[in-house]
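For clarity, chains are labelled A, B, C, D and E in written order, and residue numbers in each chain start from 1.
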Amino acid sequence: MSAELASDARSAQRAGLTAGAARSRLGALAGVLPGVLGRAALYVALPVALLAAWQAAFELGYIRPILLPPPTRVGKAFVDLAASGDLFRHLGVSLLRVLEGFAIAALVGLPLGIGIGLSRTLDRLTDLIVQLTKPIPPIAWIPLAILWFGIGEAGKVYIIFLGAIFPILVNTIDGIRQTDHRHVELARVLEVTRRRFILQVVLPGALPNIMTGLRVGLMVAWICVVAAELIAASSGLGYLIMDARQMSQTDQVLVGMITIGAMGKLLDVVLRAAERRLITWKSTFSGS
Amino acid sequence: MVATAARKAGADRAADRAASLRIGPLSKTFTLKTGPLRTETVQALSDIRLDVPGGSFVSIVGSSGCGKSTLLRIIAGLETSYDGSVTLDGRPIGGPGLDRGVIFQEHRLLPWLTVEQNVAFGLKNLPRAEVARRVREHLELVGLEGFAKAHPHQLSGGMAQRVAIARALVNQPRVLLLDEPFGALDALTRIQMQQEILRIWEAQRTTMILVTHDIDEAVFLGDEVVVMSSRPGTIRKRLPVGLPRPRDRSSPDFIALRKEIHREFFTAAELPFAYEI
Amino acid sequence: DDLRIAAQPFPLYAPLFVAKQKKWLDEELAKVAPNAAVKWSLFPAGPPINESFAAGQQDVGFVGDTPALVGKAAGLDTSAIALTSDGPKSLAVVVGGDSPIASPKELKGRKVAVTKGSYAHHLLALVLEQGGLTLNDVELINLPVAEIPPAIVAGTIDAGAVWEPILTRFESQKAVRVLADGTGIKKGLLLIVADNGFLKNRPEQAKALLMAYKRASEFITANPKEAAELISGDVNLAPDLLVQVLQRMNYDPAIHDDDVAEVKKTEQFMRAHGLIKTAVDVDAFFNRKPADEAGLK
Amino acid sequence: MSAELASDARSAQRAGLTAGAARSRLGALAGVLPGVLGRAALYVALPVALLAAWQAAFELGYIRPILLPPPTRVGKAFVDLAASGDLFRHLGVSLLRVLEGFAIAALVGLPLGIGIGLSRTLDRLTDLIVQLTKPIPPIAWIPLAILWFGIGEAGKVYIIFLGAIFPILVNTIDGIRQTDHRHVELARVLEVTRRRFILQVVLPGALPNIMTGLRVGLMVAWICVVAAELIAASSGLGYLIMDARQMSQTDQVLVGMITIGAMGKLLDVVLRAAERRLITWKSTFSGS
Amino acid sequence: MVATAARKAGADRAADRAASLRIGPLSKTFTLKTGPLRTETVQALSDIRLDVPGGSFVSIVGSSGCGKSTLLRIIAGLETSYDGSVTLDGRPIGGPGLDRGVIFQEHRLLPWLTVEQNVAFGLKNLPRAEVARRVREHLELVGLEGFAKAHPHQLSGGMAQRVAIARALVNQPRVLLLDEPFGALDALTRIQMQQEILRIWEAQRTTMILVTHDIDEAVFLGDEVVVMSSRPGTIRKRLPVGLPRPRDRSSPDFIALRKEIHREFFTAAELPFAYEI
């Protein structure tokens, strides 16, 4: 069948039609299907190769399972944890914390970032505090988090919030600073309201940066989940990892890591889809 | 004289709107990097003096880079570091304002807004229905009623420029600064737009300052044509256009005036070729 | 008021989890304070428990003797009201399964890992002392306890001081070998500390806790297998391994004079090594009243 | 003197000169000096207010010094640690680790990001691995870091590297994806070399985003310093914090946090200065 | 005839460079969002057929939005999804290439490069000195030798356009696609640039396709003037310009041809006003 289509394509070209015309006719069938498969193969190629190498290293005796259990064993631990329902409990708990911390970070970070980006005064006022707080490791915040928020959920969410807010803030500010000055001039000439200036000039232009900030913020939120769940947690993926580590159950540590990775990827996909929905007015360059 | 009468009649209700502009002496320099460590100053405008009575129509022509856009930007309030004075109705210009509309040399449409949103961009404090009505009216005026929902990247160059024209007109500013507004338009559309601008000018007594490269256009529209020359940007000549409106482009007076401006324009350079209009 | 307990999910505190699972703690508490419930918080280590105490969020904590002393020295208003467990065999200096090192003497100049400030830190000093060495005679490496056995297996370090359940897990796989444990030199005490305000206002709750704890510890001694099945989930350790760990421990909560003496030794060690800056009056730190009232001996 | 200048300004205005002219004459003196002082005041206002509130809360007995010692005590701990030279030792060690990890992250992340941004194939090939690895908390990497790199500096630098690379990568990719398609078309029409396309079209356009990525990457590098220094460290700010925490010496924890904050701010200033040097061709919008 | 002879003489060495273009039948549609869920198709080009012999000069005029830029983009190889065929020297166009130079309707200068770097942007495999020489030469040609180190945001609209012209010329492409290249230039500069383009065309036998709104310019430069009309974009008329070069803009033949194109152009719309050229 594929040969048939190919010959069809060739004859179309002989008939003097351009690639453009031929493609539009046959594309729906001939081009797309193998393309999708090829893309999917490309997509999983590297992870699969890594897994295979890892398993092979184990089979050949290069790594001792006590140090790094083989994928099969990690897979088994995964299945066990999933079957007992524990994995989903941990996942659910951490997901909630991450989403809460991230949501608060977005709700604070976006307006604050917009404010700082637009106002030199607010920028000067907050710069020192923001810059000083930004690089402080989440674990160092634990004592203060316990003091201020107690050992309930609030303290954990606070740690995650702290991790997520700064990437959002920095990207938002930098995005706003990149606003095309020609558009700013236009807005000044038309004396548009502050509200319209923000909603129709500044934000749409900064949107790609803001989305980058949200995605990096989400990543850092997950990064902080272990630190957060050092505070009196008895469930959550961070807890699972640390607990398994205390017990030297490396297979469970890896299950925790991979689950966090998968969740991160999933949420990233969601954010990217949101970005595509929001930015329809641009024919972006997407590599070749 | 006929024109003035007709205009006065049509502009009764807008009589108080006319804004007069007094420019000068006005100079403006830019600094330009010319080498790794060298900078040079570019004298963009030098000792410009120009009075624009309220409700009049001034055309400005001049060679590329002679400071026309800079002058408009100063009037618009976008450039504030210059030497000299510019006053609008006697008050110095402090910054941009809705009383002065600008059609920039590039269209400056916001790429994320649709055509109708771009036109509505500067409208405020109006009920939705009124906004919609005005936008529709102005899109029709520029012949783009079918493209209300399109985004700027889906427009041709001339279409984008027409949207920018609609955006500037919809606000009904008292002073309209037009920086080559019809540069990307074909002959036919251009003439239609010229007619529309004239109609609006007569109806609303808008003070118009038009920068153009088309001498024909300058004469057809202006009460006065200002010829600028460059390095530094100065006013070379001011020519009043004493022709009645509607003007006939093929009338001998019109052609004579056009020729005079051409000459004015062209003697600056020693032309290596013969050019006859 | 609720009884707020800060604990760590380790088999060292097994009776607490047995008492929890068997609902003995709730029973005892119901007798003295019908309206009070138990509020559990689990922490992965001692320091956050101290932080939580400092924030006034806990009544009773289950910690090692070193964090307890650190907290006291830093100014927490706490007392030690009972032991949670002790087990000289529950902490040890280990070397690789096939390591040539046979005695503490041979650790001289080797890379030896310890979690700084943990009670195994003290053990290491004592073990080295047996071989005529001090902590300065080895290359001391500060590592979280969970990373020590893997680092030994990988050959990055030569020895390390660890405790349960890591000890049993790696020893049972012959990945590490015990060079010396606490037998005769350190009992490996873990304490129940309580806020003094709590002890003053709600002594009956402290007593109830100790009663339940005692009952659970006796149950473990009698039925280690059953106990292991019961709390396997709480401490995240498979029952077969857990049984081994439980049998290495002694879960007698009663305070003996030699326990106080050992804590004194620990206090001296910590002060000498700058792990605490101010001295702790160990005799005064122990408050035996609740234990006496609960009939522990 | 200020009154004199002000009256001068007024008379200049009376003489019919515009604000522009008046400003350019007097700006050098009248405008600048109080402005600078005002800006500096604005800059430190919030931190000073926070410090004051903190000290007051202590004096009024609202916070117990065990958990949150007052600024005076933290200041004393700071002076003590600085006087003994310990603080600078810790700082030097951590700074080196952070800079190493960050530099490697930049050296790997920038080319990789450019490659992924430009090539759909490379993007597909790496996406899953990158996205899965991205959100994994640095602490969870410790066992693998020790296994792969031992307990020397390499393992610590690896943890910091992992933290820093993803913000750099994500921002670089997203920056490149934002390349103006009109410039891409131009490059295609002129058939410019790949090298020139990258150096003169893609990179300058993505530079603001890349700088944002570097700054966020540096922040996350610092965030990871505690996790990194859990691996067999005997010095470093992360070690200082964890050690002090172990010993309930909250004043030293705070000294460590503040020192990290100050270092982060300092390096951020350096990166911003670099950015300003690199992007001279743009009249950016910098708030009002 | 004179012109052809002169040209042949001047173009001997470049004789083999001439590239011929064969377009058609060619159609192109865009889809456009016209409502929340509605899309509409815009027929940008419909059944376009055009042969451009190697080394000839074709001018295209047509109303705004009639598809001129789209046609150039297809020839340039930037639009590949269309129906029909476009061949260059008999080979279908697969993508953009250095054989075809483009002057875009907007200048498309790279804002981070200086003027000279922008001009040198497309030059490759040349020694540095040669690059510098060519860039200098072409900056002189467009009259911007003083602005070599300036950045695009420091240029006026017309100056930016001239840099874009220099950038396209410096590569000496075999086919040059010019999309309103002189739109932002004043009358004088415009005429100078027209002369330069003619000189290059004669010297290098470049095949030229020029989109312009200036009918005078179309007639002055083209061997043939193609008039397009819109909705859908089609070729309305092809008018050969049989005048010898150098052409005299005031000659009766020139004026007659210009008038004919005007008529051709304007009869499409029913003009509400009288217009005489």
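Here is the rule we go by: a residue touches a chain if its C-beta (ideal position, glycine included) is under 8 Å from a C-beta of that chain, and two chains touch if they have at least 3 such contacts.
Keep in mind the model is a prediction, meaning the values are calculated, not measured.
Q: Smallest number of touch links from chain D to reach chain E?
A: The fewest steps needed to get from chain D to chain E is 1.
Q: If you count the C-beta pairs in contact for each pair of chains, which pair comes out on top?
A: So the pair of chains linked by the most contacts is A-D.
Q: Any idea how many Å lie between the Cα centroids of chain C and chain D?
A: The mean C-alpha positions of chain C and chain D differ by 41 Å.
Q: If you average the Cα atoms of chain B and of chain E to get two centres, how far apart are those centres in Å?
A: Comparing mean C-alpha positions, chain E is 27 Å from chain B.
Q: Determine the centre-to-centre distance between chain A and chain D, using the mean Cα coordinates as centres, and give it in whole Å.
A: Roughly 20 Å separates the two chain centres.
Q: Rounded to the nearest whole Å, what is the centre-to-centre distance of chain C and chain E, using the mean of the C-alpha atoms as each centre?
A: Computed from C-alpha means, the inter-chain centre distance equals 85 Å.
Q: Which chain D residues sit where two or more other chains touch them?
A: 67, 142-143, 147, 245, 250, 283
Q: Among the residues of chain B, pick out those that touch two or more other chains and give their numbers.
A: Only 106, 151 qualify.
Q: Can you pull out the residues of chain C that are in contact with at least two other chains?
A: Each of 51, 54-55, 144, 146, 150, 154 in chain C touches at least two other chains.
Q: What residues of chain B sit close enough to touch chain A in their complex?
A: Counting only chain B, the residues touching chain A are 76-78, 95-98, 100-102, 104, 106, 108, 110-113, 117, 121-122, 124, 151-153, 167, 171.
Q: Residue numbers of chain D touching chain A in their complex, please.
A: Touching chain A: residues 39, 42-47, 50, 63, 67-68, 116-121, 123-129, 131-140, 142-144, 147, 163, 166-167, 170-171, 174, 176-181, 184, 208-209, 211-212, 215-216, 218-227, 238, 241-242, 245, 250, 253, 256-258, 260-265, 268, 283-288 of chain D.
Q: If we count contacts the way the header does, which residues on chain C are in touch with chain A in the complex?
A: 6, 9-10, 40-45, 48, 51-52, 54-55, 57, 144-146, 149-150, 153-154, 165-166, 169-170, 173, 175, 236-237
Q: Of all residues in chain E, which touch chain B in the complex?
A: That would be residues 30, 32-35, 61-65, 68-69, 105-106, 146-151, 154-159, 162, 179-180, 183-191, 195, 213-215, 246, 248-250, 262, 265-266, 268-269, 272-277 of chain E.
Q: Which bits of chain C are touching chain D when the two form their complex?
A: 47, 50-51, 54-56, 70-71, 73-76, 113, 116-117, 140-144, 146-147, 150-151, 154, 156-157, 275-277
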